[in-house]
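Each of the next two complexes has subunit A plus one other chain: subunit B in the first, subunit C in the second.
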Partner chain A sequence: MITIDIDKKLLGSMGEMPLHVGISIENKSFVALSGQSGSGKTTLLRILAGLERAKGKIVVDDEIWLDEKTFLPPQKRGIGFVFQDYALFPNMSVLENLLFVKKDLTLAKHLLEMTELESLQERKPMTLSGGQKQRVSLCRAMMNRPKLLLMDEPLSALDPLMRNKLQHEILMLHKEFGTTTVMVSHDPSEIYRLSNRVIVLAQGKVVSDGDAKSVLLKTQGSQKFSFEGELLDIIKVDVIFIAIIAIGQQLVEVVLDASEAEVLHVGQSVRVSTKAFSPVISAKK
Partner chain B sequence: MNKLPAIVTAIEGEQNLHIIAFDFQGATLKMMGLDLPKGLHVGSHVVLGVKPSHIAIGKNISGDLSYSNQIPATIQTLENGALLSSIVLHVGDTKVQSFITCSSSKRMNLQVGDKVILLIKASDLFVQEVLDV
Partner chain C sequence: MFEIFSNIEFTPFLLSFKLAFVTTLILFCVSLPLAWALSQSRSRFKPIFEAITALPIVLPPSVLGFYILYALSFNSPVGAFLDEYFGVKLVFNFAGLVVASCFYSLPFMVQPLQSGFEGLSKSMLEASYISGKGKIKTMLKVALPNIKPSLMTAVIVTFAHTVGEFGVVLMVGGSIPNETKVASVAIYEMVEIMDYTSAHIYSAIMVGISFLVLMSVYIFNGKHNKYIGGVS
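Here is the complex of A and B:
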């Protein structure tokens, strides 16, 4: 069990912002940390890692990482950290990057095998693709068999196919090593697939805490199929009205009646929703 | 969109699938849905929603229909377009609008004042808002 109760004053875009987080995390759980940029996610991760100081307490099982008297340095915390930008040593080979953390050749080989990197073990990071680099970072983070694995948007720079592959590998390592994992992510599919708990931060505070579906499913009454968009146009056709709405990179059309057309304004943000029974799904060609 | 004030009278569930029954103007309405809307329980006051294009109209109907929701109504106004008819009906003191094709409206010889039955599938009815959360 990891118990976190920390306070820190941050300088946000709107002046001083207090970061206050009081949560407990079960061992071996996979927690996704979400929220807008500037909400304090990365700072929280860095405080857990010991890369930043804060007031309060962090207790991991019976070990105090932080309190009034104690500040355990990062290398004594038994953590692994994976950054968005890989942070590999450029002058070392893949294998040397792993062995730098711990001289355990058996574990290093095992990790490289699990992530299909054995054939690249002599290569320097510069010669690797983004996905390969991030797998090396992930392996390196596992080298000291961390109690706590911290990942800051580890997959955000990768293409969807590589993301998918690494999500699978992250989950595999998380399970095999019995690690407690905290990952900053904005991607709902990633959060749904990997995490068993989502914590959403806003303005330095926890505003939502639960499983992926209860936190991320946008609903409007009993409507489970719901999107936010911008109303671009309303056109009268025969006795009905058709609204044109931009959602993400797409345009959609919705049939309205006169009373709806009257109260909606072109340019306004709208929520488009329907029941889960109505949409039809077909495979993309 | 039609907004029907109603009260929850019963909830049946199977895992996260639910059938909710409502009282609307003395008639029973039924809705099928997945997880219950937040705060909804028997006795809740709700606003039900249904799109005008999801309401069919029956006149002098006989035989059995699978529609869970069959509500007596009176035609108040009838506007025929080139292809569609927009029909406003009264159920008690609530106005309900239905879009049907002009050809159906003519075939059925619908007139203002006609007593008809509104037909709504349980999957087309939704909870727009729970009022007393």
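Here is the complex of A and C:
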């Protein structure tokens, strides 16, 4: 069990912002931290890692990591951390990167085998693709069999196919090692697939805490579909208007009437929802 | 035509290189922790230390030479202390030259190392801390091997700069043959006694060596950058 109750003043784009988080995390759970940029997610993760100081208390099982008198440095916390920019050691080969953490060749080989990196073990990080680098980083983080694994947007720099593969591997490692995991992520499908609890931060406070379904599903009442997107353009066609909206990577057209077109403006964030139809789902060719 | 070379005394060159080698070695050991500490420091007092380290770049060598000469002589507490307790005299001998050169060339070792360390990815160093490694191990195993171009620049420029120093050396060491008469001082004396032939030969050798040294630094750094740029 990890009990966190911390306070820290952050300097955000809107001036000073207090970060105040009080949560407890069950052992072996997989927590996703979400929220807009500047909400304090990364800072919270770094405080957990001991990379930044804060007031308050962090207790992991019976060990005090932080209170008024104690500050356990990152070296002594026995954690794993996966950085967004991989943070591999360029002067060492893949295998050496792992062994730098702990001279445990059996574990290193096992991890490389699980993530299909065996054939690359002698390569230097510079010669690997982004996905391969992040897998090495993940393996390296597991090398000291951490009590707590922290990941800061680990997959955000990767393409969707590679994300999928890595999500699968993260889940596999999570199951095998039973590591309590906290991951910062923006991607709802990733959060849904991996986590069993989502904590949403806004302006330094927890605004939502629950399982992925209850936190992330945006539909309300009788709504069948509800999407958030950006209004790119409003085109007048005869007596009606057509709105072009970007939802994720896709563009869609929605018909508007004159009164709707009047109150909306281009560049606005909008929600597109629909009630009375039954969608057809078919496999992508 | 080779008989003019037979009259040339090469001891000043050997002395210059010996001085540069010893200075570079000492400065490397001193500057490594200093540059690392400066690069990682977020202290308010950091600019003070940075300014002190950089002083020898802007000070006239005569000013630096004067203070070092004064500090090391018997008239100053430092010089008197060294003489009284250790029997060490550091004026007008080779050891004194080494001390003076270390002050003179300090920024040329510290600054490239510091900027190399500052250019490293912060998360890479943090990854090392999280792996349980302390600051010293992180510096030696992670930081230092990843700043090779800066390391190369620091070592070679310090070496070359020490070979090329004149004012400080003359003030602290004088011109004692086989002891403190380095190449630059020898050239100065040749010009003074109007032995232009020897001055030409000495000067040409200095130009040649300096050019080769600098070119090798640029070739090495160019190759290194290309390597990094080509595959990342």
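Criterion: the second predicted complex is superposed on the first by the 239 of 285 C-alpha atoms of A that agree within 3 Å, B and C clash if a C-alpha of one lies under 4 Å from a C-alpha of the other, contacts with A are read in each partner's own complex, and residues count from 1 in each chain.
By definition in this document, contacts are C-beta pairs under 8 Å (C-beta built on N, C-alpha and C of every residue); 3 or more make two chains touch, one makes a residue touch a chain.
These figures come from a predicted structure and were not determined experimentally.
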Message: I'd like to know which partner A:K275 touches here: subunit B for first, subunit C for second, both or neither.
response: first
Task: Could you say whether A:L232 touches subunit B, subunit C, both of them, or neither, answering first, second, both or neither?
output: neither
Task: Mind telling me which of the two, subunit B or subunit C, contacts the most residues of subunit A?
output: C
- prompt: Which of the two partners, first being subunit B and second being subunit C, lies in contact with A:F100: first, second, both, or neither?
  reply: second
- request: Go through the superposed model and pick first if A:S259 touches only subunit B, second if only subunit C, both, or neither.
  value: first
Task: Could you look at A:L51 and tell me whether it touches subunit B, subunit C, both or neither (first, second, both, neither)?
output: second
- request: Considering only touches as defined above, state whether A:I240 meets subunit B (first), subunit C (second), both or neither.
  value: first
Message: Looking at A:V207 after the superposition, I want to know if it touches subunit B, subunit C, both of them or none. Which is it: first, second, both, neither?
response: neither
- line: The intersection of the subunit A residues contacting subunit B with those contacting subunit C is none
Residue numbers on subunit A that touch subunit C, as the complex places them: 49, 51, 73-81, 83-85, 87-91, 100-101, 126-127, 137, 140, 143-144
- request: Enumerate the contact residues on subunit A facing subunit B in the complex.
  value: 219-224, 238-240, 255-260, 275-278
Query: What residues of subunit B sit close enough to touch subunit A in their complex?
result: 1, 31-38, 46, 49, 51-53, 79-86, 97, 99, 123-124, 126-130
Message: If we count contacts the way the header does, which residues on subunit C are in touch with subunit A in the complex?
response: 121, 123-124, 126-134, 141-142, 145-146, 228, 231-232
